[in-house]
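Look at the two complexes coming up: chain A is in both, with chain B in one and chain C in the other.
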Partner chain A sequence: MEKTYNNKAWFLVLPVLVLVAFSAVIPLMTVVNYSVQDTFGNNVFFWAGTEWFEQVLTSSRFHGALIRSLSFSLVILAIQIPLGIFVALNMPRKGIGVPICLVLMALPLLIPWNVVGTIWQVFGRGDIGLLGYTLRTLGISYNYATDPWHAWITVVVMDVWHWTSLVVLLCYAGLVSIPDAYYQAAKIDGASRWSVFRYIQLPKMNRVLLIAVLLRFMDSFMIYTEPFVVTGGGPGSATNFLSIDLVKMAIGQFDLGPAAAMSIVYFLIILALSWVFYTVMTNYDTANR
Partner chain B sequence: MARIELDHIRHAYMANPQSADDYALKEVHHQWSDGGAYALLGPSGCGKTTLLNIISGLLKPSEGQIRFNGTDVTNLSTEERNIAQVFQFPVVYDTMTVFDNLAFPLRNRGLPEADVKKRVTETLEMLDLSDRANKRARGLTADQKQKISLGRGLVRRDVNAILFDEPLTVIDPHLKWVLRSELKKLHRRFGFTMVYVTHDQTEALTFADKVVVMYEGEIVQIGTPDELFRKPAHTFVGYFIGSPGMNIVPIKLDQGRARLGEHVIDMPGATPMPGKMELGIRPEFVTLGREGMPVSISKVEDIGRHRIVRAQLADHDIAVVVPEDGDIPADPRVTFVPEGINLYADSRRVETRG
Partner chain C sequence: MATTTTTMLRETASSHHEALGQSEAVARKMRRRGRESRFWWLVPTLYIVFLMLPIYWLVNMSFKTNTEILGSFSLWPQNPTLRNYMVIFTDPAWYSGYINSIIYVTLNTIISVGVALPAAYAFSRYKFLGDKHLFFWLLTNRMAPPAVFALPFLQLYSSFGLIDTHIAVALAHCLFNVPLAVWILEGFMSGVPKEIDETAYIDGYSFPRFFVKIFMPLIASGIGVAAFFCFMFSWVELLLARTLTTTEAKPIAATMTRTVSASGLDWGVLAAAGVLTIIPGALVIYFVRNYIAKGFALGRV
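== the complex of A and B ==
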């Protein structure tokens, strides 16, 4: 179709531009401001150039937090995506079980993040927590406050508990939209259970899986509240993810310059990785056309 | 290919059917010959899909037995019955190529790859899809996808029957014709037993050797298109097939003649019988002229090759087909062509041999 060009059309996007400017661009600009200046308070600023960026990018503290965050996201995706698909495949398609399963699945998603953190913080405690106490009585020494591995496992399990249902619900939505005729045809063609999954269910879930991977990656890469409540980034810096480190730097140490520079680097990393995921998955999609 | 025997089959979707009305499919007892092309025709909810699902094995009938070539298959699964089915919407495996789509049912059955290649190549040729063999199936048009669905059945040479569940619903009108004639050609060449469900009479009449007309869970007539046109066994068949449908008017029957209001129509061989009597005559067999029973014309529809005159005869609506150049007199009267008259007692056709 022939496109019509009319510059008046710009007026139609103006409201959105204004809205985005106030909600995102202008706040982001203040961060940019801080990232290239130094201050000793009293609103006196000195030009710092790229100093903060260099400092952040070369600091081993930042590298450590980045690696921790990336590993956490990878572990989360590696567990939640297959587990979500598996649970969705085994959920009932009709009958009374459907609403029951859906409500049960939605429950963890409805709980505020800090409450989730508190639940697990208490749950895992050796003196009063159900999980911690049981493990201790069984003779397993479990203490997320002193053992880095235990802290990691606790945070991962907590996130799996909290967010797998999102993947499940997305996959379930993708699955129920597959017409019955596909399953009947597969039966007639003599397809095995695995073939049905590989050639019908997985391709039809492609789009919702893309959304699930993107959401789960972004959320887990930015995770803050739950591990902060449970471990506070410890023991040592074992669960000191990027977001926790950033808050420590900005609020705890009041290093606004480096914190602002880190925010921008952090933002660009998320943007870049999301873009990579998106292009890889949509390319895979179109390559099949 | 197989002969399909439906032995006293009934089906109800509820657990404990009490009366005949509880059955979605009332008793069906027929034998469909090997290599026949049958069309199941009827309005929505008449039980035609139920019957198809019973044949394909997706549904187990509440009562009765279904046999392929004399072997009881009532309790066999769809896969074990070895049938092929084409659905309303094209079912293709999106991520596979056209070739792999057709090879899928063979590979699942563990056929050696050399045989798979040979058969798929043959089938692709039959369907005129050879040039697309290595393309992804999802990029194809609806009619090509539907051909692939069909191909997955054709590729298995030993299938007992190929079932079609309104396969042309999503196909563009001008391609429906093409696809239907290709289907017919394939049938003539390879002699598959085909069962084709549709609610479109044109599709049914052009596709099938035998049309099975269903109405309210019953098979009301099985016949060639010509039989359905000339001798509809049930008033529903008369009304459902033909455009416009058959004129049905209530009559009183005397010895050798019928009374329609104050008019008398000669019916040699007819004898009075109990029940509701009706006379059916197709609009094509009604002649409009200056003689016969007076009618009042309410509307004339010009549909190109001929005109359809809607009129009132003794307070009953009737339709008359008049040739494009035929004249419509100011004092219109109609006569019925005797060969076109059918007699119905309680909606079912009565043979009148005089």
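== the complex of A and C ==
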């Protein structure tokens, strides 16, 4: 659509600007403030320069949390995107099955995050949970509270359970927008199932897949509540992801300086990655217009 | 089925006229279930079973007594009891949590969609100085981890005397809901041809009147989807909601965590409270089920 150039449009954006400035810019400035100052309490602050940033960037605790968060996001993307596409390809397209599938699949998305944590905490317990009990009966020793690998698997399976439906619904939305004519053409050309997927369905899902990757990466990179409820970051620090570590530092230990510096680094990483995704997305849009 | 398809294929080769009709049928079949698999339904079914098992287990537990939960292992309640639900519905500390959650979620949805509407219109219709940067900046707020903002929010809102009020949580959730609402609405608005705006202006409509009387009904489904998403993300968020409230505006989800840690793990009541937090979401999904697919694609498929 051809857009007109009109700077009066700023007035329409103004309410959003004021609101987001209040709920984002002021808090962010507070964080910046803390990150360069030190305090001995009583609200007396003095300039600390880049001390906190150096401390955070060189600490092995931060490196550990960063690596854990990054690998978690990568594992999540590697499982959820293919699984989501696969389920979406096999969804019914008309009839009574459609609303049933949609409603049931969307259900985990609407459960408060700490309840998701509680559900899996209970589900995986060896004494009262279905999963834990079944595994124990089968002779597999499974305990997410003591074994780091079991804790990781539990958190990953929980996230797959929680968020794969988002990918499914996005891909499904892309698939239903493909006109019948495309399939007929493929049929006349004698295309195989694979080429139909590769040359018709996948290109049509490109846009929604980008949205899916973007949302899933961001949300898994800042995951907090669910693993916090299930494992509390443990055993040891096996599931101590960036935001769990951050909250422990800021609210638990009240180390404002390092926590603020870590927040800024964390936010800059997310900002850089979102910029890459956003650029790819908008370039893709303009190339296909 | 397989033999019919093969016959159909042979016939397709023989007659061009028939081919069109039959390839349509084949295409429909392929689209619906993939070409050769007649077990296409197995995948969604297995996936849904995987999704439902943990939820079923929670529901199952909510109808058991604590002795039954801890004492014996059974796939369904042996002596179904409503005691756990009675505890929640008779104790104000529990049910006020629901009321608090619903109040701030509703407030947040109204505020977010209200301010996002004009902004989304501006982004979908006009070019203006810094529009692209502004849009990206808004999106970055959707990406901002709440963990970063928890502490500054606490200090900001205490200096305004807003701690432990519903409006504080509603405003804090605007951080990620406003950008999302702008994004979704912009997608839907771009689908409305610009000629409609121009015709309305020629007919003498003022901007506010045009926007409310003509434009908003046209994107009603978009507004519904945006409201659904604001409801969803505000309902499921806990970190900020818990940080900003102490007693008066405490959300139900936070009431649950307190009980887990404090009162000696009343599993039955915990499960019942969990089941009750799922119900509002389930109701909302049921009402918007026909728009979900489009909404998840943010109106831009």
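Definition applied: the second predicted complex is superposed on the first by the 259 of 289 C-alpha atoms of A that agree within 3 Å, B and C clash if a C-alpha of one lies under 4 Å from a C-alpha of the other, contacts with A are read in each partner's own complex, and residues count from 1 in each chain.
By definition in this document, a residue touches a chain if its C-beta (ideal position, glycine included) is under 8 Å from a C-beta of that chain, and two chains touch if they have at least 3 such contacts.
The structure displayed is predicted, hence computed values, not measured ones.
In the superposed model, A:Tyr224 makes contact with chain C only, not with chain B. In the superposition on chain A, the chain among chain B and chain C reaching more residues of chain A is C.
Using the contact criterion defined above for the overlaid structures, shared-chain residue A:Met105 touches chain C, although it does not reach chain B. By the document's definition of touching, of the two partners only chain C reaches A:Leu12; chain B does not. In the superposition on chain A, A:Pro179 makes contact with chain B only, while chain C stays out of contact range. Within the superposed three-chain model, A:Tyr266 lies in touch with chain C and out of touch with chain B [touch as defined at top]. Contact with neither chain B nor chain C is seen for A:Trp47 once the two complexes are overlaid on the shared chain.
After overlaying the two complexes on the shared chain, residue contacts for A:Trp194 are found with neither chain B nor chain C. Within chain A, the residues touched by chain B in the first complex and by chain C in the second are 184, 187-188. For chain A in complex with chain B, the residues that touch the partner chain are 179, 181-182, 184-185, 187-192, 195, 199-200, 203-204, 288-289.
Chain contact summary for the complex, chain A toward chain C: residues 1-10, 12-13, 15-17, 19-20, 22-24, 26-28, 30-31, 86-87, 89-94, 97, 99, 101-115, 118-120, 122-123, 127-131, 133, 161, 164-166, 168-170, 172-174, 176-178, 180, 183-184, 186-188, 193, 196, 207-208, 211, 218, 221-222, 224-225, 229, 242-244, 246-247, 250-251, 256, 259, 263, 266-267, 270-271, 274-275, 278. Listed in rising order, the residues of chain B touching chain A in the complex are 56, 58, 77-79, 83-85, 87-89, 91, 93-96, 104-105, 108-109, 136, 138-139, 149, 152-153. On the side of chain C, the complex with chain A involves touching residues 19-20, 23-24, 26-28, 30-36, 40-44, 47-48, 50-55, 57-58, 61, 69-70, 73, 75, 111, 114-116, 118-119, 121-129, 131, 134, 136, 138-153, 155-156, 171-172, 174-175, 178-179, 182, 190, 193-194, 232, 235-239, 243, 252-254, 256-257, 260, 267, 270-271, 274, 277-278, 280-282, 284-286, 289-290, 292-294, 296-298, 300-301.
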